[in-house]
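Right after this note come the structures.
Note that subunit A is present in both complexes that follow, paired respectively with subunit B and with subunit C.
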Partner chain A sequence: MRFDPVLAWGSMPALLDGALMTLLVTFTVMAVGGPLGLAVSFARMSRRRPLAWFGAAYVSVCRGAPSLILLYLIYNGLAQLDIVRDGPLWFLFQHAFFCVVIAFSLNHSGYIVEIMRGGMEAVPAGLLEAGASLGLSPRQVLWKIRIPIAIRYGLKAYQNEAMLFMKSTAAVSAVTLTDLTAAANEIFYMTYDPFTPIITAGAIYWVINNAMRIGFGLLERRLNRHLGLA
Partner chain B sequence: MELLAFGDTGYGDELFFGALTTIQLAVFGYVLALALGLVFAVLALKGKGPRWWLFRVYASIFTGVPSLLIIFLFYFGGAELVRSLLAPIGINVRLDVSPFTAGVAALGLVYAAYLGDLIRSAIINVPRGQFEACEALSVPRRHMWLSVVLPQAFRIALPGLVNTWIVLLKDTALVSLAGLNDLIANAKVAAGSTKEPFVFFTAALLFFVVIATVTLPLVNRVARRLERGQRRAEV
Partner chain C sequence: MEFARLERHPAVAMAGVDKFYGKYQALRAVDLEIQRGEKLVVCGPSGSGKSTLIRCINALEPHDAGTISVNGIALGRDRASILDVRREAGMVFQQFNLFPHMTILENCTFAPRTSLGMARDKADALAMRYLARVHIADQAQKFPAQLSGGQQQRVAIARALCMEPRIMLFDEPTSALDPEMVGEVLRAIEELTADGMTMVCVTHEMGFARRVADRCLFMDQGEIVEAAPAGDFFDRPKSPRLRAFLAQILK
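Up next is the complex of A and B:
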């Protein structure tokens, strides 16, 4: 086993390009999956049976399936359906990046649904009643009290999920997107050095992972500053 | 439907054997992760010692990097890795690492980091009195661990163990990218040659969703059995 620092340095530009794609996918999916998950969590908690049933099915499919299969299903599978191929959005489904965002957003939002539901159900009833008795409308109680508190409760679980999901984006190389893992693989196939590119890419992932951890830590401190902890 | 038939006319048997490979991979990987995780947990039990720090470094590396990358590392470089590890002690081996072996090793080592943490905190959460009682009764250490501490730790760790099992099961999909003929690889082949990708990928997706869904009631049974010694609060 040999680590070649010259090769590692030389492949830095290609790897960093890949890392940029990994970050782009990660942040786009977080931006799409968040609101999507929030919307479905309302359906999941709805008192209307069909809506609640849809929410439960959405969660069990999106969380239960590996993101790689969701990716294949959307990138390769949807092309088989005439509705999609003749539909107005077909030009979008031909782009690997678009399919990646959809597939991972489905997966990511499945987790967010459960995190938000858990958070919203944990908000003490007294706070909601206090809001209502102060004359806030149900909508205001939801957006000004319930959701902000639920976000605070769910932040830790969301951090775990976001960090797991950032790493799972390594699968996007399967649909021709050149992310960090794909870039490392390309260097392996050019040099047949099995260690240097993969270990270097691993180091970059490790840095991204820990940067996310620090970022979430700061966010948590900021959201909880009224509690006067630490 | 005839696409999913068994025999020469359909791809049912290919998918079935692919699914068996997937399950085998997941079970072997999980057992390896559980065994290693248990060892890590016991060795790193005391916080702040050198063994604890070693485990922290290990966990930071293996949880900070995608499992796909570790799978590739073992698949491409596993043979050389084993050779250079064994060469200093005078053993010279040449071996080929199959995608399956690379997958089991990678998933086992990655999830050992998660399970080590989980089991460690479960052991710590077993009431101290249990340890002290064992000491007071001079119960042999082996019995203390196997009959007193670990069964209780298992109860505490169960939800996390189940979560990890489902995450690991889904991660097996990645080993198909290293060339393993598992469910996903076979679904992909079938999709390519029949031009019916939607059918096959949906079938593969349902396999995972069904396994994840049937796991929960099973686990609830185990959980109830493990809790038979616990008093439930009457609410």
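Up next is the complex of A and C:
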């Protein structure tokens, strides 16, 4: 095994371009999947049966299916359907990036639903009763007490999920996007150096991962300083 | 109007109130009238229905039969009457139940601002006044987890007072506290009773009951077994069940 610092340095622009794609996918999916997951988690916890069933089915499919399978289904599968091809959204579905965001957001939000549900159930009933006894409406208790506390409870679990998910975005190269892993692989095919580009890419993943960890740590400190959880 | 309503009605009137948890009957045909300004202490063995009684008064638990009215407002199943009643009756819980993600001040201003739409500076001033009354104004910027149990419970009292209820309900406010903190909380409650507020307090603190209570109530198995002024209640209990209970807690 030989690590070639000159090649590593020379590959930097291409690798950083790839890293940019990795980050773009990661954060777009977090931005789309987060609210989506929250919304579905309400359906999942709803007292209305059909909504709750929808939520359960959503989690089962989106979390159960590997994101690459979802991605192939959306990118290759939907494009074969006439309603999609002729539909108004085709201009979006023909873009790999769009399909990637949809597929990963479905998967990511499936996890968020379960994290949120766990957090919501962990909020002590006494706090909700205290809110009610102060004359707050159920809706105010939900939005101002239960959800903010549930989010704080769920943050740790979400951090794990987000970091795992960031690494799993390497699958996007399957639909022509050049992310960090794909960029490293392209350099390997050009140079036949099996170590340098991939180790350099690994180091960049490590940096991203730690930046995320630090970011979450700061957020958690901010939100949790008083909960005695941090 | 408002005054007339209060003039004409007792603070709390319960008649024939039943409460079931599934098949289990927690309250059996409870009749109870609490006068305006009255200080009522409720005691009884664990599981006798004390919490259920006061939780029914502010509709944290819906009752299954009979009628409850609070300052003349009949408690129904509709949201409006429930909110009206909760505005009349503040509640303090055994476990404090402060909102952990809010500062002490925010805990106190939250309900006035959210449900009464009070302006921030006005709510802040109100909260500081009540925090001062329970001697904890200096902790206003801290979070609940940074306070001792006794301090948290005093904040919980101030939080309830910020909605300016006419009735205060206390469910074993000192049972979750270390012994050295019981006194400060009882003193804070005692100081409140000076200004004519109606109070219902579930507690086994006998000294407190003797000093504060106009009337003590003994519950057992979902029934009010005996009600008497504190002196008679503790020194000349009539029913054998109360006698047995007192013997037990005095041990």
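Points worth noting:
One rule holds in what follows: the second predicted complex is superposed on the first by the 226 of 230 C-alpha atoms of A that agree within 3 Å, B and C clash if a C-alpha of one lies under 4 Å from a C-alpha of the other, contacts with A are read in each partner's own complex, and residues count from 1 in each chain.
Operating definition for what follows: a contact is a pair of C-beta atoms (placed from the backbone, for glycine too) under 8 Å apart; a residue touches a chain by one contact, two chains touch by 3 or more.
In this text the structure is predicted, and so the values were computed from the model without any measurement.
In the superposition on chain A, A:170 makes contact with subunit B only, not with subunit C. Legend: residue contacts after superposition of the two complexes on their common chain; A:184 is shown touching subunit B, with no touch to subunit C. In the superposed model, A:145 lies in contact with subunit C only, and not with subunit B. Shared-chain residue A:112: touches no atom of subunit B or subunit C.
Once the two complexes are overlaid on the shared chain, A:199 sits against subunit B while remaining clear of subunit C. Here subunit B and subunit C are compared by how many residues of subunit A each touches, and B touches more.
Within subunit A, not a single residue is touched by subunit B in the first complex and by subunit C in the second.
Considering their complex, residues 124, 126-127, 129-137, 140, 144-145, 148-149, 152, 223, 225-228 of subunit A touch subunit C. Residue ranges on subunit A touching subunit B, taken from their complex, read 1, 60-61, 63-70, 72-73, 76-81, 164, 167-171, 173-174, 181, 184-185, 188, 194-195, 198-199, 201-202, 205-206, 209-210.
Only residues 58, 60, 79, 83, 86-87, 90-91, 93, 95, 97-101, 103, 110-111, 114-115, 143-146, 156, 159-160, 163 of subunit C touch subunit A when the two sit together in their complex. Put simply, subunit B touches subunit A in their complex at residues 60-61, 63-70, 72-73, 76-77, 80-81, 84, 166-167, 170-174, 176-177, 184, 187-188, 191, 195-199, 201-202, 204-205, 208-209, 211-213.
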